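Below: one structure in structure tokens.
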Amino acid sequence: MTTDDPIHTLSEAVNQAMDIAMAEDPDVFALGEDIEDPIGGVMKGTKGLSTKYGRERVRNTPISEQAIVGAAIGASLVGMRPIAEVMLMDFFAVAMDQVANHAAKLRYMSGGRTNVPITIRTSVGGGRQFGAQHSQSLEAWMMHIPGLKVAVPSTPRDAKGLLYSCIFDDDPCIFMETMSLLFTRGPVPPGRFEIPLGVADVKRAGDDVSVVTWGWQVPEALAAAETLADEGISVEVVDLRTLVPLDRDAILRSVAKTTRAVVVHAATQFAGPGAEIASLVGHELFGRLSAPVERMGAAYSPVPYAAELESLHYPERKRIAATIRAMA
Amino acid sequence: MTVSTTQPVGSGGSNEGLTDDAALRIFRTVTTIRSTEDRIIRGLSSGELRMTYYTVRGQEVIPAAICEHLRRDDYMVTTYRGMHDCIAKGVPLDELVAEMCGKVTGTSKGKGGPMHLSDPQSGLMVTTGVVGGGLPIAVGLALSSKLRGTDQVTVVNFGDGATSIGATHEACNLAALWEVPVVFVCQNNQYGEHTKFADYTRSPSLAERFRGYGMEARTVDGNSVPAMHEAAAEAIGAARSGSGPVFLECLTYRLGGHSFGATTEYMDPDELSQAEANEPVGRYRRWLVDQRGIGEDVLADIEAAVVSSVEAAVEAAKASPPPAPEELLTDVFSSVEALPR
Amino acid sequence: MTVSTTQPVGSGGSNEGLTDDAALRIFRTVTTIRSTEDRIIRGLSSGELRMTYYTVRGQEVIPAAICEHLRRDDYMVTTYRGMHDCIAKGVPLDELVAEMCGKVTGTSKGKGGPMHLSDPQSGLMVTTGVVGGGLPIAVGLALSSKLRGTDQVTVVNFGDGATSIGATHEACNLAALWEVPVVFVCQNNQYGEHTKFADYTRSPSLAERFRGYGMEARTVDGNSVPAMHEAAAEAIGAARSGSGPVFLECLTYRLGGHSFGATTEYMDPDELSQAEANEPVGRYRRWLVDQRGIGEDVLADIEAAVVSSVEAAVEAAKASPPPAPEELLTDVFSSVEALPR
Amino acid sequence: MTTDDPIHTLSEAVNQAMDIAMAEDPDVFALGEDIEDPIGGVMKGTKGLSTKYGRERVRNTPISEQAIVGAAIGASLVGMRPIAEVMLMDFFAVAMDQVANHAAKLRYMSGGRTNVPITIRTSVGGGRQFGAQHSQSLEAWMMHIPGLKVAVPSTPRDAKGLLYSCIFDDDPCIFMETMSLLFTRGPVPPGRFEIPLGVADVKRAGDDVSVVTWGWQVPEALAAAETLADEGISVEVVDLRTLVPLDRDAILRSVAKTTRAVVVHAATQFAGPGAEIASLVGHELFGRLSAPVERMGAAYSPVPYAAELESLHYPERKRIAATIRAMA
């Protein structure tokens, strides 16, 4: 990462990726609730784009997530590259038929005669007292359906590069924008910038314990690693960046080295995405681990509203540090 | 001794006129709603309070008039923008405010929050944060009354924007088919989040569209107490008497941004200031004085009582502790033994 | 040299009358549909063939008339009960039958099956097995034409039962709002699986209900070629000219159980036998002879040609191998490298 | 299991449980598509019940899964015990908002003031050439949402006992009826019969390898065990019966004994339910296993139509036997 890149928020980086994609390719367009100016998306992701590209290409929709995702699918079947916005990931629940039964399956069901190059952007709550229906990280649902790609950036730079790749990817991509990171700042390469899907990034190198994580929990893991460094524990933080494709080699490379792994995520731990990774590590590195693979995900409860409970619900730096400390 | 807990919630869909008693009950309700909102906004602005808050300013009359015709054992379902509905249905103000603040004395012990208020004791069964999500549930509540042979009515509140989503359509079709006693109250405040009515549908009229399911549907001035009172009497009376569901489109105007802190730049400023000038609580107060000859002093007494009960509710909420850590894993299932470890 | 591949698919929504050429093209299409169904049922009954099959008997005229007004580059979306739509739109019969049999020469190499036919070459874009699932997708196809400034039209077929589900409602509202060139073709065959129209909705009229979204909506006798031909011309012409979506309720009757092997005990036997007596292919044939003076021999020639091409398609499908094991993991993603291992 | 119990199909057992529940409690009622007589449900689960209890209590619905599940939720909030039928599990995709955002969360979001004692019965396809949209086992979605119980019987007896328990359970239960088992026969205790949720059943005892499985794959695993017995490999087959509550003790007890485990299910393997179980076993029995925990689930693809591909897609007895043989 060059340090003289201009500094932007993750939301601005998302905006840049869409802006560049729309400038490059007339087949790229966006649709979703409140995405037109002056609002430009409730999280500002599309700010300025309807003004620049017109309200034909940046289209407000009614509150109808099935229609939003379905319309994106339809346009994509004939080669357009729609970017649909589902305001919050919790609302995927109303659109899962289009996502899982249509977007994910149409390539296969047509024997490859059609494909669905859509991107669905969505905000992921949590940590902001939005309550049980506005705070869920549902990447496990997506991972479990063959045919969907899933990206979860943790930095502005990754957000730009991954979103650009999603837009031009020939398969349906779910792009998760973690709300608590949306307004964090970081360097973002100017102009066209791509990060291939399926390549994890070691955000911090270390020798004793590997933390495998993504999205919201990356800065938490990095903070825990920083604390532990002072205690002489060297932590490697592997940011997966995409869950499908999954960078299996990067995970195994790191854990083979450290022989200890913790998988950390904001999604519910039970039957969550970390179970796949823990199973993979346990299987592939059987007999070579110094400790059982630990998983840290959200507690088995709907997300509570009260701040005091919500902070217990999700993993966070202190508890991550404690878990690592106990196993190192 | 808060106002809301003792507030009568009517006596069941009679179409009798708006008596002075009823008129004053409604005044007390709208005043409670307005005062609570004002107090919350003040607390949020100063940093004294902290919550996500969806204004109900401008929509007070709708539930106040509706609840005149509901009994305590009638059911209500509402949305994140539902504090007015909760107050009108009789959810205790202390518990309501405490829940919005995430405190253990709240309706849900602080675990639900402002988008998930519920108080079965007063018939407020569900508050949902998912647009349209409440309508199918309301059909089920109404079905229970039908199956059990009671004459309870279910009222479900939702926004104009919710008319675009699938759940709404499925629920209306099913309710009409089953002729269950539910009143669909569409609080048409002209906006779905930041998008105007005319920008998300070409429907010439919601009432007309929903009549297409084979149920009664009517548009009413939701900011006029007499009009709302009468329309609600009819709709609730019809549902209670077993003639099936009714769709009520209540025209109103959202007097502010979507939620606390949200911009209003997309709203027509003239339209907004005109709506503000004609806002329903003041309009109703003037009507009571001018048309009904109610004394200023009577209204001022009610207002003063309301303000102090609101203040008491806020103070009680602030003094209430947050839920204890053990609460994290209770109420997931009927028994903690079922939890995965 | 199968019939369906060479069959013209009309020339774009003109409202001109039903010429002899057009009338015979339609006859060839309905005959192909009927023959294919008959042959499949025969194969299923004897155990020669194996597939899930949803009868289209009685619904042949609808797509045959519609496709007179469609170009090859117009888009179509259909359902599990969509073999007639596929044939009318020009999906090659060999590939169609092979797919239904799960063979590698099928439209999807045998991986989709009868519920997932698609052939973008002929504009048959999606077949879905989820009730209502196709409508939002059709809106997107139509949107692509609008954004690209082409005059392509999208036709989406679905059943009467699909009008109850959320996706249908969302799609219609969105299509009307965006004024996209889509024709919603509701093939009202009076049943949703085993439930009668009157048992799942109180809507007095579907056309009227869907007009509520602010779009054109019309009911037509879907079993009459002249009526369907004219209604389709109007609807497709309107969509093509940019005046937005149209909803067509095509009245027809499902001449059998929901799927092969399913019972019909819940269907009124008198109604069914009356509908069978008036079944649309025979009715049309009589009309051609009696009203249009078309010679028996002309029709018999077409019928003979059709039968032999259907037989050829079935034989080709039987001779075709199943997909190879490697196909299991191809077409999941654009590249197998993206697959989790 | 007493062997003189009358023999019934799994579908008949389901029917019996509902019949008895409806006879016992006027608050029990059923709703769903085509569930009234003469059809009595496309899989015959409700056959005869509308005739016996009337069309008020056994109600046909329009094709509207959101309304079906939502109406069940609403009635349950005031103490009724609705049994909703969603014709096929794939169609949960249109109703996930009601299932995951409402049924699962209302008890918690109301601080326990309300609860949702519904049962949602659903058929699960697979192995019958129904294609990609009619063959999915989506229990992983359900397990991942805190607040939902999930039962998947593999025998007529279990079906009756578990369904009865689901109907009278105070939490929302998803009851999965595997289509390929629906017309298999077995002994079913007459009259009122209950099996508590959360108790696994060892369907075959063994010493060398534990197969942890449920539903469709139970007979497959038993057949594999039978084959392997002849080869001198002793296989224990643990039928979980419910995935939530998960009988963790039964799993660990078995694997602690055999030191080798295979988790087998019809759901997609990737990020599937088996990942939770494999992670659990790997964690709790770290250092005590003789081999890595194996997972066998459906291949990472939409379910293919052609019979030849579909049989490769799902686990089956021969491949299960081969996997066990390789690790024993």
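Lettered A, B, C and D in written order, each chain numbered from 1.
Keep in mind that, in the parts below, a residue touches a chain if its C-beta (ideal position, glycine included) is under 8 Å from a C-beta of that chain, and two chains touch if they have at least 3 such contacts.
Note that the coordinates shown come from a computational prediction; the quantities given were computed from them, not determined experimentally.
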Farthest chain (mean CA position) relative to subunit D: B
Count the C-beta pairs in contact for C-D and for A-C, then report the pair with the higher count. A-C
Using the average of all C-alpha atoms in each chain as its centre, how far is it in Å between subunit A and subunit D? 31
Could you put a whole-Å number on the gap between the CA centroids of subunit C and subunit D? 36
Centre distance in Å when subunit B and subunit C are each reduced to the mean of their C-alpha atoms: 46
Taking each chain's mean CA coordinate, subunit A and subunit C are separated, in whole Å, by 40
In subunit D, residues with contacts to at least two other chains: 61-62, 64, 66, 90-91, 93-94, 97, 101, 108-109, 131-133, 146-147, 270, 299-302, 304
Residues of subunit C touching at least two other chains: 108, 110-112, 116, 128, 130, 164-167, 170, 173-174, 177, 200-201, 332, 339-340
The subunit B residues in contact with subunit A across the complex are 50-52, 102-103, 108, 110-116, 128-132, 161-162, 164-167, 192-195, 199-201, 263, 265-266, 322-323, 325, 327-329, 332, 339-340
Could you list, by residue number, the parts of subunit D that touch subunit A in their complex? 66, 90-94, 96-97, 99-101, 104-105, 108-109, 131-133, 138, 140-141, 143-147, 267-268, 270-276, 278-279, 282-284, 286, 289, 291-295, 299-302, 304
Subunit B contacts subunit C in the complex at 164-170, 173, 176-177, 200-204, 208-215
Under the definition above, what is the set of subunit A residues touching subunit B in their complex? 33-34, 38-39, 42, 60-66, 90-91, 93-94, 129-134, 270, 299-302, 304-309, 312-313
Residue positions on subunit B within touch of subunit D in the complex are 75, 77, 106-112, 116, 118-120, 125-126, 128, 130, 133, 135-144, 147-148, 154, 166-167, 170-171, 173-174, 177-178, 330-334, 337-341
